[in-house]
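Each of the two complexes below includes chain A, the first together with chain B, the second together with chain C.
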Partner chain A sequence: MADNRKARIKEFLSRFFRNHELKDDEDIFALGFVNSLLALQLVNFLEGEFGFTIEDDELDFENFRTIQNMDALIERKTSAAGVAV
Partner chain B sequence: MKLELSDAQKQARLRFREFVQQRVAPYAGGWDREERVPLDVIDQLRSHGYLGAPLPVDSGGGGMDAITYGLLTEEIGRGCSSLRSLLTVHDMVAFAVRRWGNAELKAGLAARLGSGEALCALALSEADAGSDAASVRTEAVREGDEYVITGRKKWITFGQIADFFLVLARLEDKLTAFLVPSTTPGFSRTPMHGIVGTRASLMAELEFNGCRLASRHLVGRPGFGLSHVFSTALDLGRYSVAWGAVGIAQACLDACLEYTANRRQFGVPLRDHQLIQRKLTDMIVNTRAARLLCYRAGYLREIGDAEAMAETLVAKYFASQAAVSAANDAVHLHGGNGLTEDYPVARYLRDSKVVEIIEGSTEIQQITIARNPPGEL
Partner chain C sequence: MTTPQIAIAHGQSETEKKTVKVLVWDLDNTLWNGTLLESDSVQLRDGVRAALDTLDKRGILHSIASKNDHDLAMEKLREFGLERYFLYPQINWNSKAAGVRSIATSINIGLDAVAFIDDEPYEREEVKHAMPEIAVFDSSELDSLADRTEFIPAFITDDSARRREMYLADVERKRAEEQFIGPSEEFLATLGMEFTIARAQEEDLKRAEELTVRTHQLNTTGYTYSFEELNAFRASPNHLLLIAGLTDKFGSYGKIGLTLVEKNPEVWTIKLFLMSCRVMSRGVGTIFMNHLLGLARDAGVALQAEFLSNNRNRMMLITYKMGGFREVSRDGDFIVLQHDLDRIQPRPDWIDVEIVD
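Showing the complex of A and B:
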């Protein structure tokens, strides 16, 4: 299940990281591709794709820094809400 | 693929159009000259549920779907861009606060913002910070459980009358958003006059001189003010402005179809001249193309697609240029009359330049769209 989630995130991000094979533990901010538009698009994508809402106090760059971290956020959010993704 | 308005959306458009034809369009030229949208027309927007229309009902808003909201914005923009800009800025801020405001802030305010009872404005630009929004100098300092805001903002649409301002400031050099009530001690505003376009939008310069705020007025977390809070507002703003631009283009087309049918030169109506037909055709096609892009963006917003932001950029980029082009041709087709206040097209031209600049100029859109291309249709 986690691999599937990571693949969906990677597919979304790949459009913005052309010619770069993004690794699960790679810092997407350090790569320099993330502007404010993509940062918000990423939030919208995670919410829409996995069915939860990111609250104001969950705005933490660590949650979005790597695919692994995003997957962990999804796991926390969906397990708390009892949502299968 | 089905590209068709629902019956409810068609009926809503008729209601919006009737409202604008009766209450807005006949007076827009006068408001423009007086540099002021009257408060009673804002009351009418409020009583019709047109302020806060896209916010969810549980936030006191109208719960309007994205397409219907677009139709509303187009129709208001067709009559008066200054009034449309109130919808834009109020909804941007109310939407961003609803999305990123903390529970304590929303508990006391959401319904007032959603219903338009309290008016909102976006306080982003400064004298030296326009397209480069991250360079704002307004500063926030934390003192105990409070924040103290100091700085100046410029070009604030409806800044003369708004009750709340979403302010971007630097907090320990992190871009951070705050919602500042206009009643805060230390806040003052100065009307701006002589603006070329959307002249009736009650623009102001704002000063925050040690405005002390309770911590609940922080919107989002420190460091996320531009990337998430203001980006949320600006995304809705671009959608609204794109539709407003379609409204300007349509108004230009309406004016030109009438004028070229009645005005005769060389023994025939203007519209019978082929070079005039070319301009009319460009106006018709570009207006329709802009509207279709707005439909596309609206559809994606409605279904919560992550592509919606990118498509909204595309729609705003195209529609704002279509409005400028249509307005430029509209003035030209009206000849000397187009340069007078006896016809609305000069106002359309002035207003169209505004929609090409606000919520990201055409040049900023060119950079952003290339860097964030939408996916395949």
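Showing the complex of A and C:
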């Protein structure tokens, strides 16, 4: 399940970081310029794709720094809410 | 027709009225007399040209929602020399409510800033029913429009008078963007953008005041300040009032960003940080924010930012948080954030940034 989730996130991000094989633990903020529009699209993607709402206090960039961190956020969100992904 | 009757008919007090940012016109028997599909010799109605011009100079945009043959109607507008007044004209056989909604989306403004004028009660009713926020007018009310309070913006600046041109440039940009295949950064690189950040001068203050009043989505706190207050901040050694402008190969966007920083010996606080919606997809807000991070780091102070949610400005909270700000306190919708300034993204290479001190 987790690998499938990571693959979906990676596929989404590949649109922004072309010609780069993004690793699960790679810091996307260090990789290039992450502007607010990309940030918003990423938040909207995660909420829409995995069916939960990211609260204000979860918007911390640490949660979005790597694919691994995003996956961990999804894990926390969906297991708490009992949503099947 | 006199204005007071209309005001009562709409059941709103003067203070409740929102300023109109775009007026959507019907064509047959509203813009011109007659029905175009029945007769090619329709005549422009008296007062139409004057109303278009007067409102345009005030920075109010025009558009069209008409059930008509698109090519025929556009040809007629060109004949009258009026086609460049209208942004995103919706001339087709769809419902006018759909047309009006599409115009508001394309221009990226709230429905409560839209007015609609049509001679047909059915069409007015349909639009009003679908979108109660919209002010609707009978074509017989044309001559009184320019005198109505909602058509008199609080500010008329250089940017207002050029607003239509700037939006027309946006139409060109969108077309270019739709035709471009590739990631958005590569598209941005084709625009030749120049972003300028400068201390606000006295001549910028009307525009600054206008931005604080007009901007809701890309606004961190929604604090509004009067001309006098802004002028005091401009002169104050304890404040930093910066205004940002953007141009690209299609033309100028005008002054599109504003920030107010309160400087205390140990801590600077961003009281207000806003960007015009027209530059939402240009990535310049983050560049503006990163400039403040750099200034605070160089000054050796901590940098805090206030955020006040209005339910429409979540994008700015995302901008702050994804930009490295962390929440330090919260009181209901009011949040104070702080940046530890240890990581500041370098500027992207697809834009020229000029800092005017």
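Basically, the second predicted complex is superposed on the first by the 84 of 85 C-alpha atoms of A that agree within 3 Å, B and C clash if a C-alpha of one lies under 4 Å from a C-alpha of the other, contacts with A are read in each partner's own complex, and residues count from 1 in each chain.
Quick note on the criterion: a contact is a pair of C-beta atoms (placed from the backbone, for glycine too) under 8 Å apart; a residue touches a chain by one contact, two chains touch by 3 or more.
For clarity, every value in this text was computed on a predicted model and none was experimentally measured.
Trainee: With both complexes superposed on chain A, which partner does A:D60 reach: first (chain B), second (chain C), both or neither?
Mentor: Touch partners of A:D60: chain B and chain C.
Trainee: Touching A:A39, do we find chain B (first), chain C (second), both, or neither?
Mentor: After superposing on A, A:A39 lies in contact with both chain B and chain C.
Trainee: May I ask you to decide whether A:I74 touches chain B, chain C, both, or neither, giving the answer as first, second, both or neither?
Mentor: After superposing on A, A:I74 lies clear of both chain B and chain C.
Trainee: Could you look at A:I28 and tell me whether it touches chain B, chain C, both or neither (first, second, both, neither)?
Mentor: neither
Trainee: Let me test your reading of the model: by the given contact rule, A:G48 touches which partner, first (chain B), second (chain C), both or neither?
Mentor: Only chain B; A:G48 stays clear of chain C.
Trainee: Tell me the contact category for A:I9 with respect to chain B and chain C: first, second, both or neither.
Mentor: neither
Trainee: If you lay the two complexes on top of each other, which residues of chain A touch chain B in one and chain C in the other?
Mentor: Shared contact residues on chain A: 15-16, 35-37, 39-40, 43, 56-57, 59-61.
Trainee: Residue numbers of chain A touching chain B in their complex, please.
Mentor: For this pair, the touching residues of chain A are 12, 15-16, 35-41, 43-45, 47-49, 56-57, 59-61.
Trainee: Which stretch or stretches of chain C touch chain A in the complex?
Mentor: 183-185, 280-281, 283, 285-287, 309, 315-319, 321-324, 326-327, 335, 343, 345-348
Trainee: Name, in rising order, each residue of chain B that touches chain A in their complex.
Mentor: 100-102, 219-221, 223-224, 226-228, 231-232, 235, 304-306, 308-310, 313, 368, 371-373, 375
Trainee: Going by the contact rule at the top, pick out the chain A residues touching chain C in the complex.
Mentor: Its residues touching chain C are 15-16, 18, 29, 32-37, 39-40, 43, 56-57, 59-61, 64.
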